[in-house]
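Step one of this worksheet: look at the structure below.
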Amino acid sequence: MFSYLVKRLLHLIPILLGVSLLTFFLGALTPGDYYSQLALNPQISPEKLAQLRAQRHADRPWYVRYGYWLASAARGDLGYSVAYKTEASGLIFGRLWNTFILSFAATVLAWGVAIPLGIWAAVNKDSWVDRLCSLIAFVGLSIPDVLLALLALMFAASTGWFPVGGAQSSLYDLMTPTQQFFDHIKHLILPAIVLAASDLAGIMRQMRSNLLDTLRAEFVTTARAKGVPEGWVIYKHVLRNAINPLLTIFGYSLAGLLSGAFIVENIMAWPGLGRLTMEALFAKDYDLVVDSVVMAAALLVAGNFVADLLLAWSDPRIRLK
Amino acid sequence: MATLLEIKNLKLDFIAGERRLRAVDDVSFTIAAGETVCLVGESGCGKSVTALSIARLVPTPPANYPGGEIFLNGRDVLKMSKQELRDIRGGVVSYVFQDPNASLNPVFRVGTQIKESLKLHRPEKATDAEVIRLLKLVGIPAPESRIKDYPHQMSGGMQQRVMIAMALASEPKLLVADEPTTALDVTIQAQILELLLDLKKRFGMSVLLITHNLGIVGDMADRVAVMYAGQIVELAPALDLLRRPLHPYTKALMNSVPKLGAKHQRLAAIGGNVPSLGNFPPGCRFFPRCPSAQPECANTMPQLVEVEPNRWVRCLYANSL
Amino acid sequence: MEADPNISAMEALPAAAPAIASPWRIFWQRLRRQKIALAGGIILVILYVIAFFASFIAPYNYERQDRDLIFIGPMLPRVVGGHLAVQRYEQSTGLFKYAPVAGDWGRVHFFVRGDQHMFLGLFPSTMHLFGTGDPKRPIYLLGTDQFGRDIFSRLLYGSQISLSIGLIGIVLRFGLGMIIGGISGYFGGATDTVIMRLCELIMSIPALYLIMSLRATFPASLSSTSIYLLIIVILSLVGWASSARVIRGMALSLRERPFVLAARVLGQSDWWIVTRHILPGTFSYVIVAATLSVPYYILGEVVLSFLGVGIQEPSASWGTMLSAAQNVEYLTNYPWLLAPGVAIFITVLAFNFLGDGLRDAADTKT
């Protein structure tokens, strides 16, 4: 298994290189840049503009700029954000952390609710429980994130129980660490629920379907023939097998979550990578855009890697190769 | 000899939509303590579901039992409570299934699966030492290292031996082997059958051996029951049946076994097809394919009649053919 | 029946052989039994018919502004004096607050004359399905937005965009996916590796990040037709990779099948084999996946328009209509602005029902 993991790990590097190259290339295709906006400002002379440009290598062809970016990124320095006038690294990692905890919270929520519901539905197949779960699944799958986010905001605004967007209150800096922690949680709840909603539906249906499929396997008859009580049959024998295919979804689920986080961040003002990307795009700060996109891709790829790890560990057929 | 198993007039229906399909129609036979009975028939004749019914392992939403009784050690299995069923499964009757690769749980070690049987029925012996002893008993070399293996790490023959060990762990009085060698190579088949014979002699178990292969009946069985289209068509001591089959179906089966030394001939097949469930002809079910068919056979359902001491045949013309 | 020992049992059997149904007939029969899929299908048919006749069914043009009745709530007609009628409203105290004028009802007629529109985009007409026929007595079934435009009418015009994007989009996406995936899987080798690496690359970037980046490479404001096509192209460019991956997997296993070997032995060209043998084998997957990916297009357009980089005002699309709801104050005070969200929900739900039913019908294992 070790060699399998090392291989997968090494695989990540060309992917991240490819992603950064692609994004940089797209940035190069984009008409205008931060400096062309500045050019509209009559207070900045053309010479000053040319000087600023040269400083940031903006006058060189894109592949050269990519080289500079890559070289500094390899050192951990993600460059400079012209739009925010600050080092990009601090900005990016801060936002990255926010996107990560949002996605993580949504994952925990989605899987934590979906798996038991899926099992419940499968074990009580065709009962009202099953039909209810099926309904929840369909509704959850079909509700657009946009609508759900807007409804959540409306809910927060009209009841006042939750903050309306954002990641921290205005009095954050005046709070004690414990208060800050709970403040964060309060702001996290609604966005996490919105993000988890559509994922939850898909996972639940998959769990139910896997469980029903596995229930038809022959080793289930063997277990019953040995006199294993029905509860054990389901929770010990069947579940361990039924959950394997779900680990492959885990990777896709993460990709979907990161994309969904993009919407939730932008609508509910959660300061994550998605929101940063939109801000950077509007400000035409393309270096920042590249940093953002590469980071988001890195999160996704890391998530896939974790999913591969889990799958390899849980299936003895792979683990022992 | 004491009767261990008595199946009386067993009927089993499958409900598919609005249709009731009778898979087992009025099946009766007994197995005495220490006796080996072979249940022979083509695929789809109902032998497997009959065998599974002994421990009520047929799932009863799609199936149901409109009539009949199954007395195991004097108690009717079809009326037992869940607790009683769990006791007899493994404790009184154990199963060995056809495809050991599918019948063993792929995510649990072999030793764990055998130990599970022990924990349920002989908890004081649920130790590694006992598992090793059982593995030795079924002829697995180096059992100490084997108990940590997963099923996929073993060959088909080994897996089947493990299944047998697992079945024996609970010290059953009746071993039901449903086509235990069909999925294995021919050379391994012989080994497994020898193993079964040996174990049977050692422990004085009763064995119900299900097969479609008349070839092994002579070696293994004391008595034979031949099934066709859900019914028993002939029931007799093994050697008598092989020397002098009375039912035209049994005769045709015997004829279709290729014989060494016979001159070049076409393989004798039985023309036509087994009638599908729900499409049974009104009279004798073998009538459409019977080489000795008579006009009354088309409309009269023959009963299973004891035409000679211990020889039962379901045919209107049994004596005269 | 006389027993003749010379006739074999087979000849004595009645000659009736069971009628074999083709895979398509079986599929269709199974589909008909899925009630949910049928419900979804019917809803979709209704939605598409409505979209088709949108300009006729909508009482007003999508740009028509009513400055007197901005942010008025839904005006539902009632039966008054034996006829369907709608109340007249006037300004009340406070901003954007309205009160009904007692006793002042405008009768709702069917097939009335109203604003001019292009019927089916073919010829000008002033005929509408329903209305009051009186400009002083408007009927805003779902209220109005921040410019006093009838939400119901805009919803209908918007449906044309949202519903058509999906259909065109899946053709592009699965067309690309099938060709590239089929080639990759069938030919294998270096082609396969390169293509799969490309797909992996595309799939490594979370969809919306890639979509936004692609969108940014084009000017911010383009003509509405250009934007419409651009949205479809971008969404397809991001989506084809995952479809191609699956189809490539299917092609890979299909090419090992005996019937492909037989085709090769018969001398059929690779191109023929891929298009006539391999790709048809992927149809059952493609039909289900295509149906289930229409929502991706609808939602993609919604997000793009919502964030301001998709369909632009004053055109009506469900996405642009929702962006007004971004203002939390508007949202809480005038919740009918969320009507497009409900429309999207119903559409996506219908597609999911249908797709699910198609999947169950095609799954021969159950």
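Each chain gets a letter, A, B and C, in the order it is written, and its residues are counted from 1.
Keep in mind that, in the parts below, contacts are C-beta pairs under 8 Å (C-beta built on N, C-alpha and C of every residue); 3 or more make two chains touch, one makes a residue touch a chain.
Just so we're clear, the structure is a prediction, and the values are computed from it rather than from any experiment.
Here the chain-to-chain distance from chain A to chain B, counted in touching steps, is 1.
Looking at which two chains touch through the most C-beta pairs, you get A-C. If you average the CA atoms of chain B and of chain C, the two centres end up 55 Å from each other. Averaging C-alpha coordinates per chain places the centre of chain A 26 Å away from that of chain C. Residues of chain A that touch chain B in their complex: 217-219, 221-230, 237, 240-241, 244, 314-317, 320. Residue ranges of chain A in contact with chain C, taken from their complex: 14-16, 18-19, 22-23, 26-27, 29-31, 138-139, 141-147, 150-151, 153-154, 157-158, 164-165, 255, 258-259, 262-263, 266-267, 273-274, 277-278, 281, 289, 292-293, 296-297, 299-301.
Listing the residues of chain C that touch chain A in their complex gives 197, 200-201, 203-210, 212-214, 216-217, 219, 295, 299, 302-303, 306-307, 319, 322, 325-326, 328, 331-332, 335, 338, 341-342, 344-345, 348-349, 352-353. Chain B contributes residues 52, 55, 57, 82, 85-91, 94-95, 97, 99, 102-108, 116-117, 120-121, 150, 152-153, 163, 166, 170 to its touches with chain A in the complex.
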